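Take a look at these structures.
Both complexes below contain subunit A, partnered by subunit B and then by subunit C.
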Partner chain A sequence: MSAPTLPPEPPLVQPEPEQGRRPDRGGGTTRLVRWLPVTVLVVLLSFLVVLPVGMLVYASFSDVAPRPGAEPSFTLDNYRGLLTPGVGSALLNSVLVSLGGTVAALVMGGGLAWLVTRTNVPCKRLLQVAGIAPLFISSMIGALAWALLSSPRTGYLNQALVALGIPFTFNVYSLTGMILVFGLYYAPYAFMFVQSALSLMNPELEEAGEAHGATKVRVARRVSFPLIKPAVMGAAILVFVLIFENFPIPTILGARERVDTIPSQIYRLIVSAPPDANRAASLGMILMAIMVTLVYIQRRVLAAREYTTVSGKGFKPRVNDIGRWKWVGLGAGLAYLFLAVVLPAFALLQSSLRSHQYIGSFADLFVLSDLSPDAFTSMLTYGPFQLGLRNTLILGVLTAVIGGLLHFVLAYTVLRTRSPGRGLLEYLAMAPVGIPALVIGMGFLWGWTTLDLLPIYGTLVILALAYIARFMPQGFRGVASSITQVHPDLEDSAIVSGANRIRAVWRITLPLIRVGVVSTMLLLFILSMRELSTSIFLFSAETRILSVVIFEQWESGRWPRAAAISIIYSSLLMVLTVISRKWFKTEG
Partner chain B sequence: MGRHNGVRRVALSLTAAAVLLVPLACGTGGGAGDSVNEAGELVIDGELVADAALMEAALAEGSVTVYSGVPESIEATMQEEFTAATGIDVVNVRLPSGQLYERILTEHGSGVLEADVVHVSDLSFVEDFRESGISRPYEVAAWDKIPEQYRQDEGHYYAMIIGMMGFAYNTELVPAEEAPRTWADLLDPKWTNEIAMHHAGAGGSSWSWALFQRQAFGEEYWQQLAAQRPALYPSTAAITEELVRGEVSIAVNHIGTVNQRQEEGAPVASIYPDDGVTVFPFYTVQTEGSSSPAAADVLQNWTMSTAGARALDTASGEYHPNVDAVPPTVLDEQQPPITDLDLIVADEQDWVGLRDEWVSEWNRIYGYTG
Partner chain C sequence: MPTRTTPAHAAPPAAAGPADGGHGRSVRMRGLRKTFGSAVAVKSLDLDIGAGEMLVLLGPSGCGKTTTMRCVVGLEEPTEGRIEIGGDAVFDARTHMSVPVHKRNVGMVFQSYAIWPHMTVAENVAFPLQMKGLGRREIAAEVERTLELVGMEAFGERPASKLSGGQMQRVALARSVAMRPGVLLLDEPLSNLDAKLRDRLRFELRDLQQRVGITAIYVTHDQSEALALADRVAVMRDGEIVQLAPPLELYRNPCNTFVADFLGVDNLFPVERVTDDDGAPGVRLTGHGLVLRTGQEVPAGSGLHACIRPEHVRVFSAAPGGENVAAGRVRVASFLGSQMRYEIDLGDDLVVHAACPAEDDAMLREREAVWIRIDPARVQVLAEDAAPAGDTR
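After this line comes the complex of A and B, so read on.
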């Protein structure tokens, strides 16, 4: 995929907007035509972005949850209620797991990217796959698998250590454990960022360094690293933000040792009896404030990238011979694949084949008579699974198609028109980076039920809209970066030759950016199929999706089913992605 | 031409997706179930559960949607039996207590409440539903067989499961003779870091035993138990699974869930504590303005009948309020008559009135942010 996540770029709308933008042939453009598209888009984005955030702010200052018929009073108690040691330690834990997880993800993903892009490590194609494959395992499924592998007493890995006589226990129900799991499943983001930066780097700069007598290490330190530093920093902050807002991993792995984070506390405040939605909203505000600050820093860091010479075209990355270390590199890459994919798949398979989960010793894992495929065969008649599968696929397609169209119109308006308010549009489109997914879910729920705008609550439409809002930054950036690669002169030539604007876009621009747009749509498809944090507040009896069904099964203690659905779900994601990429020819 | 090819591929893919999804979208459907007689009545073991007119209307509606806080494994077993007997499908949505409550209020306020029936173990919630017009009063067919303490005067809600909180232990890790028998036994140092239990705000069940512990043994009991560093979980099922896997040896838990795992062959067993078994009813409530009122009536009748009691026995070996129901069996062993157990039923005013303050205090003592 060419647009894995947020490509690290500075804002698209610059103060000096002339270069690369279609000159507006003002003569035939009425004021209405100039204002209408932007107004429509701003209204649309307001519903998607401003409404949920507004509801959150409102809830955080109210004494009852925003729901129809409620009569709230203004209060600051929700914020006063946050001044507890529990919230303080959750905040500290959030920072610690996010920092640790980010470093782990950068080391694993960045290291792998460097091996694949810039060294002569063997089996590059396999390692390339290793860098991306964990994306098909959502963080929730990763957490479930690692709970099976490394719970302190009976985790399969810890049982293996006991069997080998090694007096060591790796307890995944701990800060360190969570950091490892975050690192494993967020490493693909670092991989994609760093790989893209490394492969775009002009090797002539490094060669110049060497020609002037610098050692390889000195070149790496003084030339290579400074060149990719902004991309690495951008990736680091993004991964930090993604980990910071994640609720499934701390909810699944943190309960045993009471390692709370802010998102796991928000979730618990909502599900406890009696629930405290208002305090959850005020915690959501804290989470959002921190994320917005971080995203702001990210934008500042990325703006600094302009002085670099990463220009994106015409280079072939230089490959360094790392001698015998290449085998060490291969080993490290394979170890990552093993920890992130192979072992978790083994654990899920084991769990799915057992009617109950007690394993007396490591050897018990291989007693075949204990295993049965019932959990898989029961899926054929299990209504929630079938409903979830259908809804998940429909939502994936809806989000990809509607999202793809919206992002194209948005990106085109921002980049290729001189409409007023383009900056605001871009700002709104990028804003969800700083909005926690849980908050989008709560905001949509409260907004659409309280204001009674359209009867979409309880339908797949509200989920699709929430997904489009949540993944708008990725979608918008993905399409926008494709559009910037096509010079406006091409489209203008068609107009000069007599085509109208729509025909010119349809016949010239769209075909040229087809790969980028389809890649972005595929990304939206995958991201929405993995979604849990927003859906958990919006699903209804008839709109359950697979990730919700898995979470429900886990929450109900049905490990075999949770594991079986996880395996089917991750395999489906992988197969669909591979087929789609071949089918739409988005590769190479 | 590449472009046309690309567009054609997108169109083809969407068509293929639509074709593939259509079969998945079809419901199951079906006729009357095994226990509907030729006259169209639902009669199970001689007990009239629903008359012909009600059954006809219910079957025309086809399905009933339940929002449930009952552990999904128990609910699923019971609902399968209900569907087999009646031919009415059940759509079950399992939700943790707080989320269930919030969702019902929100959906009701918006006029889009999807649930026809609600199962929840929280007296304050069902009282709220009654006061705010969410619940619909209904007199079940077995009305006279349900003792007054297990039904609301106008039939707004009924206790459908006499849920009990007791102890459970992993039989691979703890010999039966060493398992705790009293609440005081849980304070034995050998159980430090070995106990899994709910946090007090997890739901009706956990609040019931937290209230009992404090009222029976004083606030210091909370402090002593907290010092044992128990693992705290939000749901019965999560506790049971940690116990089954052997991550802890002891659990304070919903006995029915443990029974069910035991029946499935998991190495666990439950104990009714000698000095008090906390009772927390799961209530069943019908909603006002439901889209399947007849199917909801049939479900309610069936749930409160002896057939419902037998299904509950099959699912989790738990006690049912219907006076004609026999005590349940666990691993083919009939449980003692309910009158033999030292049942602790909380005072309703205490249960509702003390909750917010005491749960906060509990959270403080356990260092838990609820």
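After this line comes the complex of A and C, so read on.
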């Protein structure tokens, strides 16, 4: 794993796994044995993927919200209802925010990746951490912290500007504010993708350019950049998609000035009284259509990437001496760390420690007598927090264990068997890349309440299943990439040695990919802990999770509590990640 | 072990079996065909391998040799045909029977070695024995014995990931020998090693196979490996066996230009038949005036080629007497240690390769004027696609 903390979220940018030789395991198998596992998997994935999307389509053409006993009739009114200036401006805002956020994320994350990987910038390890650390802060908490820092009059940062006598106010409740926050918290994705593209490039390709008479600048322009361009483009589209479907940031930062995006509008349509499920569904369809289109384009872009990574082997990348600019680079990296982690942490701490949020001036921030740890100590007796913490951990474990098992069986079937229908399986497993998290939440809600197959609505099970569906591309890719690293001969030779298939997998393949599978499970665990967008439609009083608790505290304006839980929550994420990283180091 | 052979098929040499009654079994393939979609990997293969015989499948990549082997072990399922091991069918397309891979008792050494890196050397070798359900003590003794056989007895406790290429090779061999397979398959096992080690292991492999008395199918694209190891060589092209013969016979009498070319005959010239005034057989090199007399009659057929081994081209610095003499000039002279190799330009774009023992004092230099002479008995004329004489396939 090249990224030291979180393994890179790999759904789209990884090249198709190399298709190893598929051993013919026809020997003695009957038709039933051949079809049974695939059929079971297809049915399972249909519940996870096809059902929520189907419910969305259904609701978008229906005149009543999906619920048991409803008698819907077909209508196009939901789509006609979208032709309003409100939706138009939300769409425009979505595009603007995503474009701006993507550019900002690429400049910050990509620039930092280049500095760390290809230059002699000092303090590389620190900058490497800086590139990834903001992942501990979920986008919701980033938005909350920046709301504290930069709300027009009371924001700590604006107070500081006043104190310094600078006549300038940065209002985070604006498009620019959203773009900045998106840029800060999506930069780690750009960082990971660009870094992996840069370190996968064979330095001999550049050396050959120099040997054939090109200057360093020309090598960069004619060789290096064209080689990583597809990867960067792919990363850009991915970041765009992630921002485009993000719901917490525009909800938190757009509420005050009514700056709507498509996801925040969907959320409002569902939670408004009375809810307008059908219009929300049609809006979800628009969101999904755009995402699917973008993902398709991204795949096309990446198909051209094959030449980039001439070999998947890690090279020691060439390091360029950038002279005195390295201090500028270090400064920029530290500035990013400051803006994305240090300042927000400071703001959350400040807010959590004061019962009265109002401060008259910047200097008041440092009056220690105003501070009290009440918000933290009250957590010891605050029921929703304790319930949320427990549920969050249980869900993380459920998602990681069930998901890990499912993804292993899936990836093994797709990569190492000649089962019919494995192409369909891979397609279904990767499909959630194009499905907005909100849509998965709505789809599960409508699907499981309407069909009434199993009484899982309102339990943690439905949340775990929704998480597994949402993170299936990451989980599947994670396990698949470790399976492809194991030569098929290794398992074949066990079978030749007299082991049946299950024994060969148990004794050979599983032990060999253990590290990859466990790290994918940890990724699933951490992703589940950060989840909000899918859960927001699925939680019940008994199944609140931490992110929902924080969101509710914000909605009801209880800042100290929201900030305190945010700090505990982010620290927990950080500790878990650091521990797992340590553990993997010793594991080799 | 009763070895049933059908007279219609080139029978394996009777003497191939080991003296000490090894556990090798015979293999018989009939009408073996394997297609991948529309691509035909193996056309229709009939092949008999005697108990204790080492058969080498030789051919360029994509000729179907590895597919054939994987069909025998069961990692590929043939589209058509029947495979028997020791007289018992392990696969028959007509009756839809197929013994699962893990029950065929066929050992295999993979090109990648496929040594399990998470186990020690001893654990690797013990694995097939554990699968057979042998007792702990029995396994330990067998592992030790087998590791001794390949000279790896000192490495039993070493993690398998900390081995060199040659050591991995030996472990892979030990692992597949330990299970006492009826047939041992070797898929280019030496191709990932450096030249020196390859030469040494080649000898060891042949020695081991003879001592254990195992039936072996060995796949390679390296002709010298094939000639050195085989009891018989099957040269394959496009999913078919072109020629099946013991190494010496194959070397001396390649049946067509493909085989000759694959066996490393450097001098292959397109020719046409000529009849001399005195009726002696001969050929004229196409596009060149040179006429060569041949030892035997020139066969009929199209696409005739004269085929002359470099060591049969004699080089002189003064004009010699005799037949098949031509004047030329040394273009490249290269010293290969045991021999000198020359490329001699005979004019009109005709370059002849010659090999001379290097002890000859008379080393020639580049651009020097020389004469060559080729014994008519050494000029073989082959058709492009002829089947070997006496082949009844």
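Brief remarks follow.
Please note the rule applied: the second predicted complex is superposed on the first by the 560 of 588 C-alpha atoms of A that agree within 3 Å, B and C clash if a C-alpha of one lies under 4 Å from a C-alpha of the other, contacts with A are read in each partner's own complex, and residues count from 1 in each chain.
One rule holds in what follows: a contact is a pair of C-beta atoms (placed from the backbone, for glycine too) under 8 Å apart; a residue touches a chain by one contact, two chains touch by 3 or more.
All of these numbers come straight from a predicted model, not from anything done at the bench.
When the two complexes are overlaid on subunit A, subunit B and subunit C sit side by side with no clash.
Once the two complexes are overlaid on the shared chain, A:Ala214 sits clear of subunit B and of subunit C alike. In the overlay built on the shared chain, the residue A:Pro511 is in contact with subunit B and with subunit C. Within the superposed three-chain model, A:Ala273 lies in touch with subunit B and out of touch with subunit C [touch as defined at top].
Annotation for subunit A, partner touching more residues between subunit B and subunit C: B. Once the two complexes are overlaid on the shared chain, A:Ser497 sits against subunit C while remaining clear of subunit B. In the superposition on chain A, A:Gln357 contacts subunit B only, with no contact to subunit C. Judged by the touch definition given at the top, the superposed model places A:Ala255 against subunit B, while subunit C stays out of reach.
In the superposed model, A:Asp489 lies in contact with subunit C only, and not with subunit B. Residue contacts after overlaying the shared chain place A:Leu96 against neither subunit B nor subunit C. Touch criterion not met for A:Leu371: it reaches neither subunit B nor subunit C.
Note on the superposed arrangement: subunit B and subunit C approach each other to a least C-alpha distance of 7 Å. Looking at subunit A, you'll find residues 507, 511 touch subunit B in one structure and subunit C in the other. Within the complex, the subunit C residues that touch subunit A are 70, 73-77, 98-103, 105-108, 110-114, 116-118, 127-128, 131-132, 172, 175-176, 179.
In the complex of the two chains, the subunit A residues touching subunit C come out as 23-28, 487, 489-490, 492-500, 503-504, 507-508, 511-512.
Chain contact summary for the complex, subunit A toward subunit B: residues 65, 67-70, 84-87, 90, 151-154, 255-258, 260, 265, 268-275, 277, 355-360, 383-384, 386-387, 389-390, 393-394, 397, 401, 445-446, 449-450, 452, 455, 457-458, 507, 510-511, 514, 518, 540-542, 544, 552-559, 580, 583-585.
Against subunit A, the residues of subunit B that register as touching in their complex are 2-3, 6, 9-10, 13-14, 17, 20-21, 24-25, 28, 65, 67, 71-73, 91-94, 96-99, 101-102, 105-107, 109-112, 114-115, 122, 124-125, 170, 172, 199, 201-204, 207, 231-238, 240-242, 244-247, 257, 261, 264-267, 355-356, 363, 367-370.
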